[in-house]
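Okay, so chain A shows up in both of these, paired with chain B first and chain C after.
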Partner chain A sequence: MMTKTKALNFVQKYTMIIALVLVTGFFAWRTNGKILMPQNITNIISQNAYVFVLATGMLLCILTGGNIDLSVGSVVCFVGTVGAVAMSKGMNMWLAVLVMLAVGLLIGSWQAFWIAYVKVPPFITTLAGMLIFRGLSNVVLQGKTLAVKNEAFVKIFGGGAKCYVPDIFAKEGVGINILCLVVGIIACALYLFFTLRNARSRKKAGLETEALYVTLVKAVVIVAVIMFFTLRLAQYKGLPMALIWVVAVVMIYTYITSKTTVGRYLYAIGGNETATRLSGIDTKRIYFFAYANMGLLAGLAGILTIARLTSAQPTYGQNYEMDAIGSCFIGGASAYGGVGTVPGVIIGALLMGVINIGMSIMGVDANWQKVVKGLVLLAAVIFDVVSKKKNS
Partner chain B sequence: MSENILEMRGITKTFPGVKALDDVNFAVKKGSIHALVGENGAGKSTLMNVLSGLYPYGSYTGDIVYEGEVCKFSNIKDSESKGIVIIHQELALVPYMSIGENMFLGNEQGKKYAIDWDKTHAEATKYLKIVGLTESSKTLIKDIGVGKQQMVEIAKALAKKARLMILDEPTSSLNEADSKALLDLLLEFKKQGMTSIIISHKLNEVSYVADDITIIRDGHTIETLVKGRDDFSEDRIIRGMVGRALEDRFPKRKDVKIGDVALEVKHWNVYHPIYTEKKVVDDVSFHVRKGEVVGFSGLMGAGRTELAMSIFGRSYGTEISGTIEIHGKEVKLHSPREAIDAGIAYVTEDRKGNGLILSNPIYINTTLANLKGVTKNGVIDRDKELSVAEEYRVKLRTKTPSVQQNVGNLSGGNQQKVLLAKWMYADPDILILDEPTRGIDVGAKFEIYCIINDLVAEGKSVIMISSELPEVLGMCDRIYVLNEGRIVGEFEQKEASQEKIMASILSTDSAAKEKKQ
Partner chain C sequence: MDRNDTRSRAVNMATLRAVVAGYLVYLGGSVIYDLLKGRTSMSPALAWAAGLLFIAAGLGYGFYIWRRWQADSKASDDPAEK
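Take a look at the complex of A and B:
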């Protein structure tokens, strides 16, 4: 009985990780290991960089009570358009980046104002935004494609063939990216250092700690995964630039959601808005933060998108909002708000990414891919709802 | 000897890890009113859910014998077809539908694909008349008061041809007058042969209306008291419920020195946030001293919660006017944050809806109103937060395996303690406790009273809003009586009595009526 519930708890806690492993295993089998080849692993990251960024922002909106932002795809397109136009007129690339982020933040704040202070339902506000900014992109681009010719910009934010962190440790005759390995080892070392420090300080304060073997098994698995991926990346061209931006976003927002008061309030509002308001918290400001921030991250996603595709087009960013929302729910965010984590959402996005690329390698028709993704999303939410029912 | 309409024999029902009912035997005489009493979590609602088929046959052991035959209900429809109708504690009416639509929801009149609205409303009107409502059956539910809504629930049960009616806490949200009307209606039905089972915490109502009282404790039936044979007094029932005589329901307060005025409110007026012409609080002035417990008594809807919430940073109402002085200095409070910073805490009556985040653990709830206490530069110190929560768990004797437990898993009494911990950690000078013991059992109530005593001993001021007169009389140094938004009486503890308080409410009621005529 006891071991049974323990096993069940384990499955529930790590469902998505288990699902990710199983799905990856499935595709590794069906594609004869092709999906784990260095180039494909690099592609999963570069192709999905925008999903990781948008899903992180979307999580904050969803936390406030299952509210979503439908406008992100259009905002990505509009921000990209603005950037492409600015750079084509010869604007300095860093200035252009700042402008794009500012435009994203401004659009986010505009929508956030209506949502937070006028109480227009987010669904409607952002549906309007979806139309407005798609339309504006079309107007500015006049339906045409505008190339991004600034090479430095493409290199730093892009996901193409040349967009890798230069290997400063490179040696003649070594066919592997050494910087990439060094980064991997440092990441492992940092992880171990913080885990140890945390465990020690908790023990000191007399708080509960997890069993030693749990910590050890976790550490071994995580180190193995990090080293496997960095080794794979090193065998190809090294660290994709997009990875740097994604990791930065993930780290910053993991910290915000788990350690800061703003993060706590996001969860609190999703849990019980009235109780939060009566506890003296300015709930409107928190709503504003979530949606303004979504705009900012949509701005960043816009930058990544035009750099990767080296152009701006009025059709860019279509269905991006669905990718982001889907990743959140697959990654364990609750449709009612108050539940979900950034790492969870990233795993959700990875799962979608693996399914995408796996099916593409297998040569599955694009329309069938959509069907499969839809079913996965439904299955994830069904599992969430059913397991919650069992618990209560 | 009248025959039994219902016998439940040897009912045992287990949930994962808990035995909710253990060999319960329960018999109801035909045409009687049978009360089921017990502390929270004793198993009353579970027993009724077994009876109504919500927990289907097979998920429990034991027999249900109804009108002489063994019944195996697999859902609520089964039991309703036999005339067993349960009316739940939370009203199950759709606010934006009419009375008639609600009454026949799931039991639509007419053909399968064409509802006969004329028949629906004609039938509805018939049943409304029986329960003494004069409203049109086309009135929307949201437009009638809670008391009348409860009557609609009963009419709905009648429309289902109920022969055994189960009422779970039917009067918990009704005022005294509406409660009386409802109970009298039950007595009237009894004369016509209806059998009722009533679950209630209000023991005075139980002894008023019941023919038999069955007491359940920890999933066992303890005893059945019969009218005329046994003592029906509240003390006697409580003894059965808690398993011991409760010597003193209110703890003694050590000599607490009552000091200067801590909070003074003058000429306070509040209007309804939606119906802005309606005055909810009307020229109220009162004060609270340091170390004093002040009670606010009154009927449901007298404006007590509205008064408290409007003072607490204008979290209720519009066009608020009047002044607030704290320690003799006038303050303007525009938001709950400003009120908290000024030293006021409002502990809500609705702990699940407005007070706690049920899906979050105890420690997160404990620090929510004062997160800066465990925060440095916007970053939360998780370890400090846990130790704060642990400190209050010990101090308030909250029963939980750990402060990482979700609040939703706690019993009502322990949830109330977490709510109190949250506001105590905000370190206010003045605590407004709105119905602090609602829906919690006798033992936990006593502990809440002890906490109130500790608070005033520390020099804090407590305002206690309560609908339970004995509690107000037992705990408060001074009592204000509120009716229809106005203060209609003020009593020192020595001179106060239930009769005096009720009298001051009733006299203003009749005065108001005269004025209208």
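Take a look at the complex of A and C:
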């Protein structure tokens, strides 16, 4: 009985990881292992970099009580447009990057002001933003495509053929990216160090800790996964630049949501806003932070998007909000707020990325991809309706 | 939780659900649109079935959201709840 409960708890806790493994296994089988080829792993990271970034920002909004930001796709497009125009006029690349991030933050702060201080419902504010910034992008670009010709910009932020971290340890005749392997080994060492340190400090504080063998098995599995993917990337061209930006965002926001006061407040507001306000916390500032931050991350996603596609177009960013919201819910964020983690959301985004790339490799018609997406959504809708009925 | 909180949560939930419902209708519509434009290799019967299923599911879910929204609004206006 005990073992059954433990197994059930394990499945519940790691549902999304199990789903990711199963889906990857399915596509590995159906594509004769092509999906696990180094180039395709790189593609999953580069093509979905914007989803990882936007989903992380969206999580912070959702944590405050199921609030969403519908404008992110349009903000991505507008920020990209501003950047492309600035660089086409000869602006320095780094200055253009700063301008793009500042524009994103400014738009986020503008929307955050209405949401946090004037109490306009987020969906109305961000729906307006969605229309305004899509329209502005159209006006600035006049419906045309503007090429991004700055090579350094594309190399640093893009996901194309030359957008890899240069191998400083490269040796002639060695067909593997040594830097990539070194980074993988360092990542494993850091993971082991922090896991053991965390377990020790929990024990010292008298908190509940999991059995040593569970910690070890988990560590071995995670280290094996990191090394497998590192080796795969090293066999191709090494670390894609997009991965560096995604890892930076994930690490910063995992830290913010789990170790800082503002992170705790986000969860607290999602749990019970009134109680949070009555405990003396300025809930308006937390709302402001969540939406201003979403603007900043939309700015970064805009940079990654125009660098990968080497152009700006008024149609860029369409449905990006759906990708971000979908990743959050697949990754375990609650529509009621207060529940969800950055790693969970990344797993959700990865699952969607694997499904998209897997179907592309299989040569499945784009409409089939829509059908699969629709079926996943339909399952979520049925779950929503049925669970509500059960509860009532 | 105070009344404003309950109401704003009901609004948030309804919005989120409406987005999902709208997206389902969009997916269904675009599958049928691509079929009519001859831009798909899917069999017509399957494309019609999937498209109509998604549209119907989206509209049905929209109706469900409307009903829930009314029930939640009633609950937050009910003096006994206050």
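We take it that the second predicted complex is superposed on the first by the 376 of 392 C-alpha atoms of A that agree within 3 Å, B and C clash if a C-alpha of one lies under 4 Å from a C-alpha of the other, contacts with A are read in each partner's own complex, and residues count from 1 in each chain.
The criterion applied here is as follows: contacts are C-beta pairs under 8 Å (C-beta built on N, C-alpha and C of every residue); 3 or more make two chains touch, one makes a residue touch a chain.
The structure displayed is predicted, hence computed values, not measured ones.
Trainee: Please work out whether A:L190 is in contact with chain B alone, chain C alone, both, or neither, and reply first, second, both or neither.
Mentor: Neither partner.
Trainee: Check the residue A:L131 against both partner chains and state whether it touches chain B (first), chain C (second), both, or neither.
Mentor: neither
Trainee: After lining up the shared chain so the two structures overlap, which partner does A:N272 touch, if you call chain B first and chain C second: first, second, both or neither?
Mentor: both
Trainee: One more residue to check, A:V221. First (chain B), second (chain C), both or neither?
Mentor: A:V221 sits against neither chain B nor chain C.
Trainee: Does the superposition put A:I281 against chain B (first), chain C (second), both, or neither?
Mentor: The answer is first: A:I281 touches chain B but not chain C.
Trainee: If we overlay the two complexes on their shared chain A, which of chain B and chain C does A:G338 touch? Say first, second, both or neither.
Mentor: It touches chain B, and chain C stays clear.
Trainee: Could you tell me if A:M322 is touching chain B, chain C, both of them or neither one (first, second, both, neither)?
Mentor: second
Trainee: Would you sort A:L378 into first (chain B), second (chain C), both or neither based on which partner it touches?
Mentor: second
Trainee: Just to be sure I follow: which residues of chain A are touched by chain B in one complex and then by chain C in the other one?
Mentor: In chain A, residues 272, 274 are touched by chain B and also by chain C.
Trainee: In their shared complex, at which residues does chain C touch chain A?
Mentor: On the chain C side, the touching residues are 1-2, 5, 8-9, 11-13, 15-17, 19-21, 23-24, 27-28, 30-31, 34-35, 40-42, 47, 50, 53-54, 57, 61, 64, 68.
Trainee: Once bound in the complex, which stretches of chain A touch chain C?
Mentor: Result: residues 65-68, 70, 121-123, 272-274, 322, 325, 335-337, 365-368, 370-371, 373-374, 377-378, 380-381, 384-385, 388 of chain A touch chain C.
Trainee: In their complex, what parts of chain B are in touch with chain A?
Mentor: 312-313, 315, 335-337, 339-341, 346, 348, 353-360, 364, 368-369, 371-372, 375, 378-380, 382-383, 386-387, 402, 404, 422, 426
Trainee: Chain B touches which residues of chain A in the complex?
Mentor: Residues of chain A touching chain B: 201-202, 205, 207-208, 259-262, 264, 267-268, 271-272, 274-282, 338-339.
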